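Same chain, two partners: chain A is paired with chain B first, then with chain C.
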Partner chain A sequence: MAIEQHQRPPNWRNATVLKWAAQIAVLVGLVFLFVTLGAQSLDNFADRGLTYSYKFLSDPTGVSFREGIPLEPDTGARALYLGLVNTLRITISGIVVATILGTIIGVARLSHNWIINKIATVYIEIIRNIPLLVQIIFWGAIIQQLKALTDEHIGTYAFWFTSAKGITVPWLFPDQGFYQWLVFVIIGFIAARFVYRWRMHIKEDEGRETYAISWAVGTILVAGLIGWFAHPLFAFLGGILNAIGDGIAAIPAIVIRLMLLVLVVAGVGWWIMRFFRGLRAGDAPQMNNRAVFGLFAAALLIALAVVGGFLALAGGLEGGPFWLSLGAVIAVLVVGLKYLIDWVAPRTLVSGLVDDDYFRVIFAVGAGVTLIGILVGIEAIGETIINAASAFFHFLAPKFDSTNVAAPFRYAPPTVDVRGAGFVQLSQESLVITPGFFALWVGVTLYTASFIAEIVRGGVLAVSRGQTEAGNALGLSRFQLYRFIVLPQAFRIVLPPIGNQYLNLFKNTSLGIAVAFSDIVMVGQTIYNQTGQTVPVVSLWMAFYLTGSLILSSIVNFANRRLKLVER
Partner chain B sequence: MADGKIILPDLPAAEIAPEPPPKGAVVWMKDNLFSTPFSVVLTIVGVLLAAASIRGFFGFLVNPERIWQAVTTNLRLLMVQAYPDQHMWRVWTAVGAVVVLTTLSLAVWRVGGRTSANKLTTSAMGVGGFLLAAGLLADFPASMRLTWAAVGAGVVGVAYLVRRMMGDRAKVDNIPSLAVAAGLAIGAVASLWVLQVPVPDPETGIRAATVEPLANTTRLPWLWILIAGFVGYGLGTRVRGLRLMRPLLVGAWALSYPVIFLHLLRGVNFRSVGEYALYGVAFAVVGGVIIYALVNLNLGETGRLISGALLVAALAAWAFPTLIVVRLLLLVLAAFALAAPTFGGSGGNKWRYVLIYLGAVLVIVYLMLLAVGTSVVQTQSAVPFGGFMVTWLLAIGAVALSFPIGVTLALARTSTLPIFRVLATIYIEVVRGVPLITWLLMSVVVFPFLFPEGVEFEDVVKVLLFFTFFSAAYLAENVRGGLQAVSKGQNEASNALGMSTVQRTAFITLPQALRAVIPALVGQVIATFKDTSLVAIVGLFDILLIAKNVVPNQSQPFNFLGSIKENLVFVALVYWIFTYVFSRLSQRIEKNLGVGER
Partner chain C sequence: MIKRLSFLLVVLALVAAACGGTEETTETTAADDTTVTTQADDGGTDGTDGGTDGGTDVGQDAGKSTLDVVKERGKLICGVSGSAVAFSETQPDGSATGFDADYCKAVAAAVLGDSTAVEFRSTTAAERFDVLKSGEIDVLFRNTTWTQSRDSDVGLDFGPTTYFDGQQLMGSGDRFNVDSGQADVDGAILCTNAGTTTEKNIVEWARVGGAEIVVEAVETFPEAMEKFKEGTCDLVTTDGSGLVGNKATETAAGTPGAAEWVIFPSAPISKEPLGPAYRQNDSAWADVINWTIYATIIADEKGVTSANIDDNRDIDPEAGRLFGLEGEVQSAMNLPADAFYQVVKQVGNYDEIYSRNLNPVGLTREGSLNASFVDGGQIYAPPAR
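The block that comes next holds the complex of A and B.
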């Protein structure tokens, strides 16, 4: 029996129409607001004789930073890269240490030993409840009141040397042959994967312990060892990378813009195709998915051509007439799309479409047209992408220079020497932990560790009691119980919240600005103080932090998916 | 069974549980410190670690290089910056008002459980033990060492004796926790009259010339506040039977923020009261009539048309030069008109709805009067907020203002409307993906550029705005968690009853969702409270910036140069006390609500 067709309500009482009208009104209002504010800010900039530009990326900065990689060449881009490296250095080392420390304290918090338990509790309650910034500034104040350097400190030290200028420790630095050696290590990692599988295969077949993990680690070590001596073999990669860079630079910019266009059109077509496939309520359609895809991609291109043609022809129109005729063009396109959907739908679907579905498809096409308009409108986008890709390969190529036959690493002992205008300094040849790095690193690590400890404690408590009791019944020692029963299960529970803490740590490194640590925020601030280019710098910050957050959370999500129990 | 009775089989009389073995100190130590060889090693390591920490901590405190006078002479600077002398009563009144409101609420909601002498003596013994350990271990001068050790031993001894004398009665929960808190408050205020600190001499500039009570100027106000607090509690116990008491108190708490920060502490000099009152009365009368008419459900389509017209008028008012108060009042009127069929109903509800509208008009006129009024409290900056005061201004303001935004965002993110969902998701993820300090820097260097010349904001306002938007994104995620925890059956049931989307959200979904996220919301308050310290980086003189940059650079009349560590320790202590109390509070709430257990 066919479902009785309801009479369609008039548009001003149709809930779907009203909902979409409200949504589109809010969207248009927001766009209007942003355009107004943006135009106003451009005006205000122009009043100061400035325009938004990213030229500072290639201009010399004229400042020196106390921290990190050398500023060569002296450009804004290199300075921001320096800040980025510093941020990542603190993030990665902080994550490693905070995880270890946090786990230890979290387990100590559960200890039956009264005094250990109390120490862990006091640590957590103190560190967690004091703002991180206060702690960072405190550590900065502590290190600044250490001993000042004098002539009698000049010399080389065996372990480390602390002073108000920072802490210097022995370290292995990458040397000229490092990148060739790295290729060996990467090959080692790939080989280790196969070795691991092979050993696991034997284990499953024969049921004996095959030490798969030790074998895999051994493979990497062997590859590294071979690479230590054989790394000049990969010098030829330099030429190849150079050629790739040249090849990319030879691509005309129009190709990139066309690729972007194709990408958007394909994306919208694919979305609509999937949307129709999701709606399909029966089988034996007269039209396949590919035809739907093609039809709507073509419709998008036609819409694009019509709007573009209108904009090209409407040069003489202004104000009211322009908006009215643009509205008419859009209305015609929308009506055309509606007929297209009406024509396609019965040939792919069994059940009918509701109003909401029309709106979704039309909105997708509209968003596609707008996006392409923006992408095509920005002329520099093709060249920027080509330049960046080519610069990347040209940057890598000299690292594989065949004349670089020195060892992959260089050992540097902690040293105090006299430099510049006769000032006693910690030698830059060795690894120097500056006061800013120390304060930020200690602050961020201790702070995050206290949160991780609470998460670990919660995770351990969440492991069912029966597991502990079963372990006790088997006569496992407390260490064995934790190592083999409780912690592996707790790990699954705590991974998502700990991932959140990693993200917080990553973002909290921006507080280094308070102790003059040159992270990306401080470098950016230095640059806009000199050039006045606030908005471009802020946009780079946002791009960096959003990308970083995205990468970190995808790593955590990936690990989470791999570790999740397969449930019935 | 036919008559509905359930007959239980005869059970054997339960055996009386054997008395637990006596637990002496030796048994306790054997269980908790020396149970296994590994535990013995841990105990030794732990004792050494604890001893070294206590020694190091107190060594840091009593080191002769420490300049604690930098903190004690600058207490007022740290708390309220340069708030003028003759206006200090405003600060005290504000603190007193909050204390009275708190004690009133404690009485009206009958908060507070009971605790046992056993638990109290255990705490006292912990404190005494700590004092004793500090006295013995720390690097104190001999006389001080003796005092600390004696006091510590005395406290432990008294607590132990009390427990022994009370015997089994000590285990009964019969002491009201509030009485304990009151005792502590009395003790704290009394200590202001007793404790003495060295005071530097302004004539000679020598650090420790004379010894005076710590709180010469503040002990009297604190005493009054203490008394007011007790009076408030007494009053609360009298009036807690009244029906309207709880809604009134909730309203008072909601209004306390603008009244305290915008009115009392700013010392508003009201302007153009007559004009605003006129608008207020006009909107109250005309709007009241319209709302009363619209609450009538029989109106049907006409009501919708009227409220639609009001909405259009309210939006149009923003496009034409109109007084802001009129724009706001129109918006409120339109919102109330649109929601009238949802909240109206019958009988008393109608009048209640109109009354709420009138209250809203009154509040808006009052807030606008505050906004246009000038301040009589003259300081260097246009806004007389500084020091710890600014921390509270930002923390409470950001959370309170971000609440409606956050709830809206959460609803948008979980809604079925795709554009709203995408917009809310983008907003939340972008705000959360970028660190707070970047947003604060933006509020200072980018935000002012977005407005035409002549439109200027105070630094505090800019920072508060960005704090609000930042906090809203995090709050939205918390609320979203609560929304997703509401079971689907609830939605289906409300649909079956024929509720509209608005009714379902307002009466079914949100109350349950918000109840489930109260602990997370308190966590949000704590996080925001700690985050306010970041304003020091953008140059707002909060307690941290004063402690870090102002006090350590004072050389006249006293030489406090380089006293940064002392100040930071003090700031850390201040922050710690409040965050610790808050987090304890949130644990208590979580337990009382039983959120995690259902």
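The block that comes next holds the complex of A and C.
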């Protein structure tokens, strides 16, 4: 021990010190780079007489779109929301259909039936080797060649109706009482869970087939059936929702901001607590989890107070001196945190912390301080959250108003009718797939399905052959073999790459502009054509696609974690 | 250990390089600024440089008038539509013909003495202002409507109106006549091209008349025409001139029903003064564009055409000054003395440009706002003194 102490290298050769220095230098460099670039761009804009602002979000747009609700949004924000909803409609329906289609084609590609096999191969090779944009334009051109609507088409159709103005298909729309009925279905789902467990329990105890899944599905169906007639029972929910909405609106904004602050502090404390708990080697530590949580929550608050105090006092400093002294304050805080970690570690039976561990804790605290800084900095945040939440409940409440027994759904057959001054149109009462939606949806769905098919094929082939042979030896049918042995294992393998395809599909919807589909890109373009606010609109696009992609990938990652084999 | 250390050193070196890089950039920019100022002074464009240093252009050209940029390049880059019948239609060899395209040529003739020294850049309605603001094109002749917001918000300046237009609608002959109004379009699906004033006009017009319409905005106007022909849209709307031009083209091409298409209402639903647009705060360049247009108008007023200009160059003192004889003002604009002589000689006067391009599709000057002020129209130019 003493010898090691003696041999400790000088700071400029000490790997630990150098590593810390490098990390901090990279961070400082990055911040400097972005600040400089940002300032420079703003200067350039100002030089060219361009002033960018987000005012268009609250200004009237005065334009109208082909589809979305409402067709004539009153503000820029509302218009972008319309585009966002249209993008998500394509994304979600596209993902569902592409997954089903892709799986079927992927399995078909492995079929021993020569015709099925070749059809799947040809489909994949054609679709994935033609650029998506070309395919979307192709489908757009196809639908334009369909028949034009004339008086002779007026009427209601049983199955579907295709025309150059779009396609209309039979559809069930939520109607009066739908939300009340939905409550029954949700109750049915919860009940089904218990029924399933109960049947499985009997199965495990007595070893006989108990049809657990059929029972569970049956429970949901029964709940839905009862709800169909009994849903006015839940009419009282409307009043409760209204009361909740009013209650939220009555909360002072400061409370929400305080709650957010507590949430961030608790989140950081909880994360650090879990961090120490995860590294603990042995039982009965001197310091329990709660103490660690409290200690680091306090540390975060102190750091916050120090930074806040510094910013309040350093008002007179500018430029270099300001950044230098801010750097010094942060350095002191970082060193303090390091000592705190060193002090806590032995007391929680944690040893062998490496630099990365220190960085994690310090970055967690740093992120907490930054987040709170933002929350404090943006004054409107509390009010915005209150308004949104209250508006949400007030929006839901009237949906529970209906007290008469009406069918929760309205059946809308494909209908061609006359509108306004005698124009023959697809009825607004039925589901209309506009030419733009059709072209984009078919384009991205078929395209993504071809990639998913290849991934599924790869996943199935990656399941060890022994598994198939074992299944065959048991005398399973081909369907059983796939359903119970191969696909569940293949699913684990294919999930991450399929997640990537979902992201691609989401981002590819931005090609809708080629077929005049009012997605968020087209709406944004319309807005900046009218206002000239290119950069702000582009920044909103980027924020939207980034957030959407991150949410999508975290869903896939979550599923992936749940499904992967537990290894110890 | 050594491996780790060397890695750290590499990281540090990279960071150092990154920081150094930023500093260098800053320095270079500063150095550039100095050079630019000197050059600009040499060029003698103090007019623009004085108050609005760097307010006109981008990149290394900051602070320099577009006029000097064009002269140095020896070629004018002119933004046009490329698909607007009779205004600018792209030809197989990459050039363009039409009313707007001819004005590009006129500017090239004035600045460079050669009406063929033009590079045409086709732009969509949606991208045109960004292309102009970023300095990719020198001037935009793209049947662009002069509006308050574009003049202020969008960061552009507009030149004199070359064509007074107005938005109209076009529909099939069996349903509409020239007097059709809002009540007749209730419930219709309308096609137009995105990023234009027409989009907003039509929505406002329909709302005022209480008509419910659905607007389908496509990228380019030919696409809108395509959708109209196929029946995806019931009506198509844009500037009246565009509708007349497209109807003429489709009729000539034998499209069924095209000859019966009706353009309505007879009093356009909006004012659409079309003219050139350029980056704001570049007076030297603005003067050149504006006076090129005025020169064609003055030549028309005086009856000076490309055919007779050599005989009529000194028809009166004003013509003499404008066409580069005694007392000319062109030198003060940093243009050759015979700049506007070249314009009329190589491209023609306003009437020639108009008749050559717009008469064939059925747009005539007589009785319209585009007649000379002498004949009761709006085409008027300030005096050349």
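One rule holds in what follows: the second predicted complex is superposed on the first by the 335 of 568 C-alpha atoms of A that agree within 3 Å, B and C clash if a C-alpha of one lies under 4 Å from a C-alpha of the other, contacts with A are read in each partner's own complex, and residues count from 1 in each chain.
Note that a residue touches a chain if its C-beta (ideal position, glycine included) is under 8 Å from a C-beta of that chain, and two chains touch if they have at least 3 such contacts.
Quick caveat, the model's predicted, so the values are computed rather than measured.
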First, second, both or neither for A:546, with chain B first and chain C second: first
Contacts of A:289 with chain B and chain C, given as first, second, both or neither: neither
Which of chain B and chain C A:75 touches, first, second, both or neither: neither
Touched partner set for A:62, first chain B, second chain C, both or neither: second
Partner chain(s) touched by A:19 [first = chain B, second = chain C, both, neither]: both
Contacts of A:93 with chain B and chain C, given as first, second, both or neither: neither
Contacts of A:130 with chain B and chain C, given as first, second, both or neither: first
First (chain B), second (chain C), both or neither touched by A:538: first
Touching partner for A:32 - first (chain B), second (chain C), both, neither: second
Interface residues of chain A shared between complexes with chain B and chain C: 19, 26, 44, 47, 145, 513-514, 525, 534
Chain B contact footprint on chain A (complex, rising order): 19, 23-24, 26-27, 30, 37, 40-41, 43-45, 47, 111-116, 118-119, 125-126, 128-135, 137-138, 141-142, 145, 360, 363, 478, 507-508, 510-511, 513-514, 521, 525, 528, 534-535, 538, 541-542, 545-546, 549-550
In the complex with chain A, residue positions of chain B that touch it: 32-33, 35-36, 38-39, 42-43, 45-47, 49-50, 53, 417-420, 423, 429-430, 432-438, 441-442, 445-446, 449-453, 530-531, 533-534, 536-537, 544, 548, 562, 564-565, 568-569, 571-572, 575-576, 579-580, 583
Interfacial residue positions of chain A with respect to chain C in the complex: 13, 15, 18-19, 21-22, 25-26, 29, 32-33, 36, 44, 47-50, 62-66, 71-72, 144-145, 147-149, 163-165, 418-423, 425, 435-436, 513-514, 516, 522, 525-526, 529-532, 534
Residues of chain C that touch chain A when the two form their complex: 1, 4-5, 8, 11-12, 15, 18-19, 22, 26, 54-56, 58, 62, 125-126, 129-130, 133, 149-150, 153-155, 175, 183-189, 194-196, 199-200, 203-204, 207, 211-219, 223, 226-227, 230-232, 234, 279-281
